[in-house]
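Take a look at this one; I'll ask things after.
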Amino acid sequence: MAFQRTGGRAADQLRPVRITRGFTIHAEGSVLIEFGQTRVLCTASVEEKVPPHKRGSGEGWVTAEYGMLPRATHTRGDREAARGKQSGRTQEIQRLIGRSLRAVFDLKKLGERTIHLDCDVLQADGGTRTAAITGAFVAAQDAVTKLMTTGKLAHSPITGPVAAISVGIVEGTPLLDLEYVEDVDCDTDMNVVMTGAGHYVEVQGTAEGVAFTRAEMDQLLRLAEQGIAELVSMQSKALAA
Amino acid sequence: MAFQRTGGRAADQLRPVRITRGFTIHAEGSVLIEFGQTRVLCTASVEEKVPPHKRGSGEGWVTAEYGMLPRATHTRGDREAARGKQSGRTQEIQRLIGRSLRAVFDLKKLGERTIHLDCDVLQADGGTRTAAITGAFVAAQDAVTKLMTTGKLAHSPITGPVAAISVGIVEGTPLLDLEYVEDVDCDTDMNVVMTGAGHYVEVQGTAEGVAFTRAEMDQLLRLAEQGIAELVSMQSKALAA
Amino acid sequence: MAFQRTGGRAADQLRPVRITRGFTIHAEGSVLIEFGQTRVLCTASVEEKVPPHKRGSGEGWVTAEYGMLPRATHTRGDREAARGKQSGRTQEIQRLIGRSLRAVFDLKKLGERTIHLDCDVLQADGGTRTAAITGAFVAAQDAVTKLMTTGKLAHSPITGPVAAISVGIVEGTPLLDLEYVEDVDCDTDMNVVMTGAGHYVEVQGTAEGVAFTRAEMDQLLRLAEQGIAELVSMQSKALAA
Amino acid sequence: MAFQRTGGRAADQLRPVRITRGFTIHAEGSVLIEFGQTRVLCTASVEEKVPPHKRGSGEGWVTAEYGMLPRATHTRGDREAARGKQSGRTQEIQRLIGRSLRAVFDLKKLGERTIHLDCDVLQADGGTRTAAITGAFVAAQDAVTKLMTTGKLAHSPITGPVAAISVGIVEGTPLLDLEYVEDVDCDTDMNVVMTGAGHYVEVQGTAEGVAFTRAEMDQLLRLAEQGIAELVSMQSKALAA
Amino acid sequence: MAFQRTGGRAADQLRPVRITRGFTIHAEGSVLIEFGQTRVLCTASVEEKVPPHKRGSGEGWVTAEYGMLPRATHTRGDREAARGKQSGRTQEIQRLIGRSLRAVFDLKKLGERTIHLDCDVLQADGGTRTAAITGAFVAAQDAVTKLMTTGKLAHSPITGPVAAISVGIVEGTPLLDLEYVEDVDCDTDMNVVMTGAGHYVEVQGTAEGVAFTRAEMDQLLRLAEQGIAELVSMQSKALAA
Amino acid sequence: MAFQRTGGRAADQLRPVRITRGFTIHAEGSVLIEFGQTRVLCTASVEEKVPPHKRGSGEGWVTAEYGMLPRATHTRGDREAARGKQSGRTQEIQRLIGRSLRAVFDLKKLGERTIHLDCDVLQADGGTRTAAITGAFVAAQDAVTKLMTTGKLAHSPITGPVAAISVGIVEGTPLLDLEYVEDVDCDTDMNVVMTGAGHYVEVQGTAEGVAFTRAEMDQLLRLAEQGIAELVSMQSKALAA
């Protein structure tokens, strides 16, 4: 028989997702997103200038940073600021978040300004990068709405929603939205980022143990597609609230 | 007439204080403390070893780290992990928190283990270091209680409560518990850390503009003493809940 | 009509691949691999100890580092050693190489030793990470053979070959093994790592411009599968030489 | 009976203070200050530009850096330049020196230039930060005098003298100007910075062991006030020489 | 009897020298130089701007960086980019290469542009810095020729050739062009850099064991002079090819 | 006519040299050495352990660090501790000092302990590295004497004196012991380190402008030899005092 999930969750079931807008007061967009016990604070900050490689281009920029509070995890991790550098994992994740969000931005329409997305994990239980992308989109949308409301932008530079989910094979069973204990155990781990139209922005699959077959990949992609569709609908509901 | 405070707060009045225990699930102690709009997450993590200068001493260690999320403030600040070093201000604050907490710990009774206090500011509106100290004490108490409940400690190494508050002179008026706009404006800014018994652990007074007189200092110390007594009582209530 | 490739290369054709073993004299394995104008020096160094997280486990470790000479590229890039840190891109690539090689190693059979794979790009023209993985496997195999010849290992810890290739969609055409000008232009860029048995070790697809569809991904995966089969056969020939 | 001080010094007595102006030849102000065996070289360097946050403001800036030669102390300490970062203690001290000096500067009158105060400890025996502040004032005064003599400034931006002293409670006795062995032993350690008019610029009191009472603080503040009055008079004499 | 050299090489004999121009395709000058088993890739990159200290001077700049692949040596060395800093040895060598090349450049004639010389050791067997200087000259000449061919320079800024060689005393015998095993063993090690005219640009002699006499120095200088004359002639032949 | 030196100094004349032993109280050896206006504080610190590469070897180690106070020079330089790294020049100099001192130490006789030589420039006017070596020898001798007096060493590990001087060609005239204005102007700059027996430990000659001839080198070496003989005699006098 297949792997038993926490709380009797089905293999193709997301954890309870909660999206809280306006979680903090200063940022132009501020969203606490929860995928089960995973909690990520995503803020969008608008800065009226662009990095050097965009200066004078008439285009804007969207970029992301990712961090984890030292005790967001089961055992305390080093504080990256104290160690004096970000780990390879942190850099990989923040590059992924940045690319994913840029995929739904028309940078020309944004004008010469930067949106900084800060995704800080308050509590980790697997899936922090996918929660971060999904939450960062909502924060970015709020920041853009503010730019439009205050007359700084006439047309939205956002071309549609983007969301992300993890899928994996644990003890032979393909599962949607892995929590920490599942992630530790899994043979294959895949993070998928898709647009609202169901197209792929990023696919990152890794065989932790045994290499995976094409058939397994197809199963995982199907699960991910379904999960992302649900997330996009939740983003939409949260933004309409 | 004197300076007008937000929401008609009296000069000797604390902002609403809220102490939420168990804010996150992994840490041995996890407290969200709010002084008005200032929100600091304080976690206490127990590690069963000590830093080199304590090895073999039979004594434990209590230490603190402090951080601020990039958009905890009105305008986004650089992420210290990305910049590759902690600012002088950050180091000063985390050293203060560490000393303050050690003042109420009998390190011999703690045994050869370390309590790490991580104080991360989710939202800043003045007084983050005093909120951090006040919240870190509650988190530390929870961690110690857990050590006692699980039989790792027979006697509590905590000798009593510790709390902290800021006081300052704004436009000639001595004020308790400065919020950000008051802090920016103030001539004198003082952070006071006291034990439950009303004794001083730290006093750090700085003249931002004009140097202050002995009479002014006496007024500030009286305000602080009263504010800390209230905070200690709130800590006690929160721990009894 | 479709995109015209350099030298009239077909869409599903690899660039000329050259694998030179024993390129330098000191390393246990030393391979210069060329994918067209891309040239990567891959060395395998055996160290008779393991990193801290493996000490006492009886298991070995396989790890990789990646670098690019400052003028391997069209315009000179900063030297990472001089700048004082490795870029996020460099870290991402070296983590990918390390995971890919570990996928074909039985770390228990390796014993408590480390194989360091250093992949240094002498000349870049697209596909440096895939050339690095493909060449690193050959260097690793040479190092293992040396360990067996000298009696340090009785059984090979290598479970089979691993190789990698890039695929992408340029102006609507799916292409195998992108060179630099194609990479710059492409809408979708995917790096695929597979075992000799045709199973996936890593799949990393990124939409640079427009998000890609499931049908496009399937085309790309097919191209990659075919290209990797050819590379595995070339690795085998080179090792037999 | 009370604690016995080196050389029969009284509890309220300063160590012999020596202020040598023109100790080195290049700096606009260069002062060797000695508090007993503590020797600090304080130089004031004038730079005809300001840091970014003051550019275009018409105001100047006064800033300080602090260092300790590796063998200024009983046992050799690491060289901070070799370790690649300044300790939290160093940063705390140099921030304190900077704030203390700015307290007696009218930055508008200074014009858009910076005075850098470098305080380097050649020999340490307690009280290095208070000696540094007291000596830095004399060096700053010399640099300002030079700016006036050369016609670069018409009016002095200095509003009055500033000096600093440490006080502490050792074995129950309040003592003025702690030397190293007293500092190590003390229960409470307080650094006080005051203007020539007897007003407070900084008060930093720390309970090393037992928390201190209000009555103790009052005793310490009285001692400090008296010591600083003596130091201000010595600064004045040195500057008149 | 005197020290026996590898392959019966005479005391005053260079190792086989090979100079391969155009070793890589992107750089304006790209030379693989081999002194026996020592192999250094020297690239010259032209950048149409100068560092801050030369801006607006009408003069150009010539600078060098040096690196060693981790497994260029008998046992693997740390990657400097991963460690986050260049060793003192690396910095010393790259400063030497830069000064040596500037000695044969008329920076006014170069115009406001920079030539970056990157010397990367692919395989080390003693004499990497002297091979680097000798090869960098050829790469620099190729880059200058390109600037002249493309009409960017009317007159060559190069005043003549420069080359370098090591000499040393091993077991009492003065030897030319030390290989690794000789270098490890030698009492005195000297690197000499000379122009084509036979004048000194740099002389760096170090007694590893016993201090050396004036007579020994004279012997070493004579050997070096002869070796450099041969190298200059090989550079000339390579450039004529 | 030849170059005019400050104070009518002859071309082959040293600046006034002053060696003050016991300049600071904590170090085992502490020497202020002055070459005219150049003043360097050299301390020798004994540590009863050795660096990793000497552990268990029965041998000791001698190492040096070099620093310059920010305003030791005409215009203020950055503080290396604040910048977070030592310059290439600093590293080059401290490596030279370390090698020079090790040349007169029998490390076996020193036993498994380290002598740290810290050379800090209080005031710079040319020749800081040669003053540092000459002063460091006196400090090292004092530290060794202390080890012998306290019975930690039976036999001195010092094999003889070592001293250093700079020589150079300024406007065609070979000069001994260059001061700053001469150093800036000179065509050739050479630092020579010799033992008391008149043998070479280090020779580092650099053509700043025009390459130098063998005849010029011979003149410079003669000047240096004479200057070092004088310095060795002064060291001896200072140690006898």
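Letters A, B, C, D, E and F mark the chains as written, and numbering starts fresh at 1 in each.
FYI, a contact is a pair of C-beta atoms (placed from the backbone, for glycine too) under 8 Å apart; a residue touches a chain by one contact, two chains touch by 3 or more.
Every value quoted in this text rests on a predicted model; they were computed, and no experiment measured them.
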Moving only to chains each one touches, count the minimum steps from chain A until you reach chain F.
3
Quick one: which chains contact chain B and chain D both?
none
Please work out the Cα centroid separation of chain B and chain F, and write it as a whole number of Å.
51
Using mean CA coordinates as chain centres, what's the chain E-chain F distance in Å?
28
Expected list for chain E, residues touching two or more other chains, is 84-85
From chain D round to chain F and on, the chains in turn are D, F, E, C, A, B
Contact residues on chain F for chain D in the complex?
24-27, 30, 37, 39, 41, 43, 45, 47, 65, 67, 69-76, 79-82, 84-86, 90, 116, 118, 120, 122-124
Across the complex, what residues on chain E touch chain F?
85, 88-89, 91-92, 94-95, 99, 103, 190, 194-195, 197, 199-207, 210-214, 217, 221, 225
